[in-house]
Each structure stands twice: as C-alpha cells, then as structure tokens.
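Labels A, B, C and D are assigned to the chains in the order they are written; within every chain, residues are numbered from 1.
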Amino acid sequence: MNITVWNENVHEQSIPRVTEIYPGGLHAVLADIVKDEAQGGQVRTATLDQPECGLTEEVLKDTDLLLWWGHCAHGSVPDEIVDRVYKRVLQGMGLIVLHSGHESKIFQKLMGTTCRLRWRDETYERIHCCMPSHPIAQGIPEHFEIGVEECYSEFFDVPEPDELVFLGWFDIGEVFRAGCTWRRGYGKIFYFQPGHETNQSFHNPYVQQIIRNACRWAAPTASRDELWSAHIDPTLEDVRKGVVQPEDKK
Amino acid sequence: MNITVWNENVHEQSIPRVTEIYPGGLHAVLADIVKDEAQGGQVRTATLDQPECGLTEEVLKDTDLLLWWGHCAHGSVPDEIVDRVYKRVLQGMGLIVLHSGHESKIFQKLMGTTCRLRWRDETYERIHCCMPSHPIAQGIPEHFEIGVEECYSEFFDVPEPDELVFLGWFDIGEVFRAGCTWRRGYGKIFYFQPGHETNQSFHNPYVQQIIRNACRWAAPTASRDELWSAHIDPTLEDVRKGVVQPEDKK
Amino acid sequence: MNITVWNENVHEQSIPRVTEIYPGGLHAVLADIVKDEAQGGQVRTATLDQPECGLTEEVLKDTDLLLWWGHCAHGSVPDEIVDRVYKRVLQGMGLIVLHSGHESKIFQKLMGTTCRLRWRDETYERIHCCMPSHPIAQGIPEHFEIGVEECYSEFFDVPEPDELVFLGWFDIGEVFRAGCTWRRGYGKIFYFQPGHETNQSFHNPYVQQIIRNACRWAAPTASRDELWSAHIDPTLEDVRKGVVQPEDKK
Amino acid sequence: MNITVWNENVHEQSIPRVTEIYPGGLHAVLADIVKDEAQGGQVRTATLDQPECGLTEEVLKDTDLLLWWGHCAHGSVPDEIVDRVYKRVLQGMGLIVLHSGHESKIFQKLMGTTCRLRWRDETYERIHCCMPSHPIAQGIPEHFEIGVEECYSEFFDVPEPDELVFLGWFDIGEVFRAGCTWRRGYGKIFYFQPGHETNQSFHNPYVQQIIRNACRWAAPTASRDELWSAHIDPTLEDVRKGVVQPEDKK
C-alpha cells in the first residue's frame, strides 16, 4: 500500500512554534507516524507549494491512501486538483482528513455539506470512544486525555456519519463528533478532529494509534476505473440461457 | 392517539424531595407535559403497584404511545408484562424511554444489549443538538442548559442509533449520546437521558418540548398484528396472470 | 408550505408520447399530485427554458420543498443555479429527487458521489417496502406492482442512505435501492426511482401516495441562514456566571 | 483466532439429500470453508445433540468467532445456552448467522425483533452487492448467480442494518436484504441469507469467499468482561490534579 501525506505547509513558514513542535512540518511528522502501515509500500509527502500541489495524476494513481491536513489555504488548492482527488476516492483510494481539513474543498465536496462548526482556541479536550468494537478504536481506552487543543463543537454540518467512533469533550461546555467514518463510491473516509498546528496532539500515542488504525481501516479492498452509468447487457435471461457470461466475468 | 405514561412510582414513596419536585409523582408530571399530544385521545398513567403493572392486555391494545420511567425496581416488572409491551412495540406502538429507564427490561430486550453506562450524581449538564433537521429537535436551540443532573457517560452499550439527535456534556469530563432513535418492527423508539428523580429537568421547557416532539415522531404510522414468518403465495407470476391478487390486497 | 416542482421539460417537446401520458408535462402532473400538501401555501412549477431555470433567488427563498425531475439536459442547468439550490437545501429546504434526477448536478453535489447506476429500458418492476414504520411508507402495502418501468440497478453510487425505505425488483434479474433518504445540513432529501417519462408510474396511486408522504416528511422543521463556522462566545463559564446569555438566546 | 461452527445437525439425520450435498453435515462443510481463517487457531464444530449443545462455558470462552446454522430445532436450544452465547457476543465474540438461523433464539435476542420474513422453496436467486467497498465484499463481483435457493423476502423484521452489503433477487418477484451487519456491545454480527440445507449454495465459491471475508471482519478487535454500569471515579478534575489515573489506566 502506498500512502501519501498531504500538508498545506503554510503555518510552518510563518509560525516558528509549529516547526518547533512538529520538526520538518506536519507532513513529516504524520509520515513518520504512518510509515509502518505501508507494509513495504511507499510513504510520500506532498505540499501546496509543489507543482500541482504535489498531487499529479501519476502520484494519485499510485496512492492507495491519502492523509490531508490543511487550514488557512484551502482556497489555494485548485479545483482541478480537488476533482482529481475526488475521483480517486470514488475509485477506491482511502482518505483520512485531519483537524482543520474539515473545511477543505475535497472534504466539503465528498460530504455534500458546508462542514461548518463552532470553534475556539486553547481549550482542554478529552476523547471518549463510543464504538469500542470498531477497528479504528483497537487498543484505545474508553477515554483518554488530549490536553490543550482547539475546541471544535456542534453543530458540525456533515452528513450523519456511517460510524461515529469518538466524541470530544471540551472544558468550555462543548462537545464534538470527533472521529467519524463515511463511504463514498469505493473509497473509505475517516475524519479525526485533534491536531491543531500549535498543540501537541500528534505526539499523543493514542492519537498516533488512531491514525495508524485508520490507515488499515481505510485501505482499499476494491477499486474501479469507471465512474459512469452502464447499460445492462446481458440480462439474467441471457445469462441463464448460457449464451453469455455476466458482465463481471467478462 | 392514546398515550400511556408508565412510572415505577417507587422513589415517590420514600424520598419526600421527589414529590416536592414532581407533585403527584413523575407519571403525573409527564402526563401533564404530553396531554396535548393525544389530540383528542386519552392520556393515562400506569404504575408498578397496580395489577399487572397497570399494563393489562386491554390497556396496551388501546395504547399508541408509551412513555417509560423506571429506576430501582426494573427487576420487579414481570417478564410477562415485558413481553407484552415488546410485542406491542413490534406491532407499531411508539415507545419513549426516559433517563434511568435505560436499564429497564423492556429497553434491554428491544436493544439486544446491556444498555450499561457510566454514571455519577450531581453534575452539571448542557445538551447539544447534532441533528437540527430532526423533528424531535424542532424549536430546540443549538444547545441549552440542563443544570444539575445525574451524569450518564459513554460507553453507552446500545446498538448504533438510527439517528443521534442530542449529545450531553457534563462538567466532570463526560459526554453521552443523550437523545437517540431506533426502529424495532413497526414501532419507533426514542431514548432521552435527562430526568433524574431529584433534579428539575422535567420542568425545563426545552426538555418538555423534546418529549412532546418525540410523541409526534413516535406516533404509529403503520401497524400489524402478525409477528411471524409467512409463506409467499401467490408468486408474482400468479399475480401477473391476473388469477389472484397480491397478499396485500386480500 | 410552498412547493416548487422543477422539470427539465425537454422530452415533452420532442416525444409526443410523453405529453400524451403526462398532459401539460411532467411538472403539471407532479404539481397536481402534491397540490394538497402545500396546505394553503403555493404550488409552483419551474422549467429549464425559463429565465434562471425558473429558480430565481426570490422563488427559491420562497420555496420550502422542491421536487426535481431531469434527464437528458442535466448539463444545461448552470452551476450558479445548482449552487443556489444547494444552499437552500443546506438552509432547510426539502428536496425530492425523482427517477433520472439521480444524475442531476444538484443530486450529485449533495451526495458527494457520481450517483451512477446500471440501467435498461422497458422492464417490469415491483416495489417492496423494507421500512414499513417510516412515514413515507404510510398507507403503502408490503409490496406493489409498478408494471413497465426503466430498470435501474446496483451498484447505485450514493452514500449509504440514512434510511432505506423501498427496494425495486426488476424481472431481468436486477434490484435497486428505490426509495432512500438523506439529511444534508438542515435539509431533508428523498430519492425515488420510478418515473420514466414514457411509462405510467406517476399515475400509480401508491407512487402518488409515496410522493405526497415524502412532501410531509421533507417539510422543513428548522432552518438557518448562516452556512459558515462561528467563534464560540460566550463560553459556558461566562454563561454560568450569568453575565451573558448563550448564543441561542441572543 | 479460534472459530466454532455450530450446526443444529437435525436435517442431516432424516433427509439423505442433505448429507449427500454436504458430507459430514453442514458443520463439517462450513468448518472446512473457514479453516484457513483461524490462522493457527482452532476450528471446532458443535452440534445440538452434544452436552450443552457443545457450547460449554469453556468452549465459548475459548471461541473468538461463532458461526450459527439452525432451522427446525431453534426451540430446542436451552435459554441458558442462548444467554451464554449472548454474553460472549456482547463481550466481543464475532457471530456469523447463516440462512434459517434468522429465527434462532440467539439472533432474535441480539436483534430485539422477531426476525420474521416471507419465504418459499425452490426459487432462483441472484446476489447483488450494494456496498462494494466493504471488506466482506472483497473479491466479490457486482452480482453473481446463486441458482436454486429458498426465497427469503421482505419485510425482514430486523433493526436497520448498520451496513447493508448484499441484496438478493428472486425470480418469483421477491427481494431481500441478504447480507447485513450489526454491532452489539463489543461484538460484530453478520447475517447472510443463502444456505438452504438441500441447495448447493455453500459450494458456491463466492458464498465461500463471503463467509471467509466475514470471519476476518467479525474477528474481535476489543473485548471486555464486565457487562454492567459503573460509577465514575475519578472525575476529570481528580485526574487533572494528577492525584489519580483515569479508570482505563488502572
């Protein structure tokens, strides 16, 4: 499995604290977290400042799982690149969207909603697991402490998750559906809320474990090239007459 | 629509504060809250100390919607009565389970799980709405203050809700899926967490509105008598030949 | 409640059989089916050939529920109009998408998928209900005969429905999730498969009943203007100090 | 992982055709199908005629995944054994229920519904996949031919599946949610419809693949012993003071 970690990589250029906490940038740290999940495959990073955002047709075609971190520069990702990622997800590529990636164009496009929420900086967060049997929760306790994080709170304008795995509690009276899954086409999507650029969440062992578990869960188990409607031919009657084989055996 | 409010009515006999807060008992107060939802029908109350728990075949047959509050005497409800209520839900009767009713035999039987949770007395609760388009959330703000309540927290061992409408935030670091819906057979079920016998939640106007909304949502829109498998006869071929009418037109 | 019926109205101009079956066009027939659901409100029609497709800001602002029928001219609906409808759904407007509307831009945008399927003309369809307690199934038998319809079959590339109400059976060996609901933002969406322009489905009393039920189900119960993220202010601590009121009471 | 295959093993004693088609009984054939999924663990069989139905406390404690086939003797499984299996599922054991197991006591107890359906013998079935990205669908085509099977049709009285993976089409005008998943407690459950004792379905390579995929999907990823509510202690405040560790670290 080939994994690509996409990071906007903008805060890293202007806020020293970001690279102090996450040396080499968030993409470098995330790539390190997931490096063993590729299981012999490649772990790449890609950033906004690269040609085609580092997400050329070639790179995406060769990517089975994409991680996405973005925040202040969502609008700078060209629609053409967004469409390209969108098609790959529908074809089967897994997608893990982290923290402020909730308002990225690609997440909004896949959700079909605004993905808006309510937010405030520098609060205290605890994560609770409300679906302990989910593979993404493997090895994660009933609840654990994130510590200082940016508060994200409801109403989180996303379609009802296929699976709600984690809930976030914030000391200022707020709560959030912090870990959610959806399927789109042949692709699996996981959104996870902790991960502000000036907080320590990606150094939390449980957060790291969740991201690694999500890599395994979102790994493609099927894929397709075609994304359009098809005429039914042959019919079952034709198949039963033995004259032709069903489409899937062609 | 005929509504029956069932209350264990046990704390009322031994803890003066309960009837100070809820004069006449929780059943009297709940019956008053929903009295306009029957729209010309009857609103009854039934309690554990009555013959057959007040839930005779006759009463249940004549009940379209049942509210359930119980706590310390779940085990005193005979299995025969539980089975009776169970069948009525599967036939189409709506069911609203309140607060500590989460560990009632009837709720456990309909859920197919333990319905266990984590709990602690005398905490502060705020309710958030995470599905504002749901009819049970009509007229309810994004979030509102419950104030002092018993804390219920995850992991709440219920099947994944068909719809998660409300989340509860508690000041001691806890969070709960506080308002959930499920369908069982032809019946609709709503569980709502606030409502401890020594707290004021049932006097909260938003809580009252939620319970009233839930009455409308859970009202039967279809019903059936039979609860067993049936042989398919006629087949579509028979129907198309015009010889017989489909089962549903008999 | 004001209802607007949108119809592409293209086949009506070139295929005489369409207006023979549906005099005045599909929009006229659909408007007649739902006319009692507005309950004192207005039932309008709008078509592709009108200025701004008949869906001006003014019309949409005044629309609580939109029905959508389109087929061969999906690409002719300007993106600007699609965005306008999209925002209204997220603000709370109900949307009922019929038959070949599955590949309309607006449905694809709200689903976040291709909405592709497999299809073939002139087959025989029967509809089964797999969620009889749903309000959209009220008054509908366990199954009923559509007769000749266009076959739509799986894989239907939509997000897993929030509720799967109807399944379609086709004599050529195919099956389809024929009646599905989703929520997007504050809006409720229902998709229903029967309704090919040269078949009789919209004259079927059960199909008509389903569409009318869907109008009631999708009617807005809440709405909003703002579609963007908001800073949390005041915090719960501020609220509890009594200094300020929560946002929702402002 | 240790797998136990439970079979009623009653038809095998009276209908010669059953053991002609499935030599050694259905349990033997099913055990052979899943033998490589234990990955070094044990694959056992257990039958109704054994002491305690072959499902002693010891056997169940040592079972990670249970397959269940039953039909005419559901009533002969003692409630005590059913409770034992029920608790193990809630503790994390996976459960795969096959064909006529839909009306077994254990499946009904976990579903909280009657699990009734409509049925007829000797029809022709085709299976369609409506969630190709699900791991249980890995390697399975869009649709495939079962051939002669017992028809099971809607309304199938189960809770709305967490995931609907397969749909069954039957030539007599019927359709069925043929492959469904649910979570209960810490356990994962998969129901699959084909598998009548006098038909060939368990010799179908795709059916075998689905059952094997289901073993991997339902394998426990978490488990628990306790099935009851717990007092919250310490609170977050206690934890943050550093005096105590959260419950999960004890």
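One rule holds for everything that comes next: a contact is a pair of C-beta atoms (placed from the backbone, for glycine too) under 8 Å apart; a residue touches a chain by one contact, two chains touch by 3 or more.
Because the structure is predicted, anything quoted here is derived from the model rather than measured.
**Q** Overlay subunit A and subunit B by their C-alpha atoms and let me know the rotation angle in degrees, rounded to the nearest 5.
**A** In degrees, rounded to 5: 180.
**Q** Taking each chain's centre as the mean of its C-alpha atoms, give the chain farthest from subunit B.
**A** Using the mean of the C-alpha atoms as each chain's centre, the farthest one from subunit B is A.
**Q** If you tally contacting C-beta pairs, which comes out ahead, B-D or C-D? Let me know.
**A** B-D
**Q** How many angstrom lie between the centres of subunit C and subunit D, each centre taken as the mean Cα position?
**A** Subunit C and subunit D have C-alpha centres separated by 37 Å.
**Q** Roughly how many whole angstrom separate the Cα centroids of subunit B and subunit D?
**A** Each chain's C-alpha centroid was found; their separation is 29 Å.
**Q** So which stretches of subunit A touch two or more other chains?
**A** Residue numbers touching two or more other chains: 118, 126, 131-132, 142-143, 153, 160, 162-163, 173-174, 183, 185, 236, 239.
**Q** Mind listing the subunit B positions that touch subunit D in their complex?
**A** Counting only subunit B, the residues touching subunit D are 90, 103, 109-114, 116-120, 151, 153, 157, 159-160, 162, 172-174, 182-185, 226-233, 235-237, 239.
**Q** In their shared complex, at which residues does subunit C touch subunit D?
**A** Residues 118, 126, 128-132, 142-143, 153-156, 160, 163-164, 167-169, 173-175, 177 of subunit C touch subunit D in their complex.
**Q** Once bound in the complex, which stretches of subunit B touch subunit C?
**A** Residue list for subunit B touching subunit C: 92, 124, 126, 131-135, 137-138, 141-145, 162-163, 183, 185-188, 220-222, 224, 236, 239-240, 246-249.
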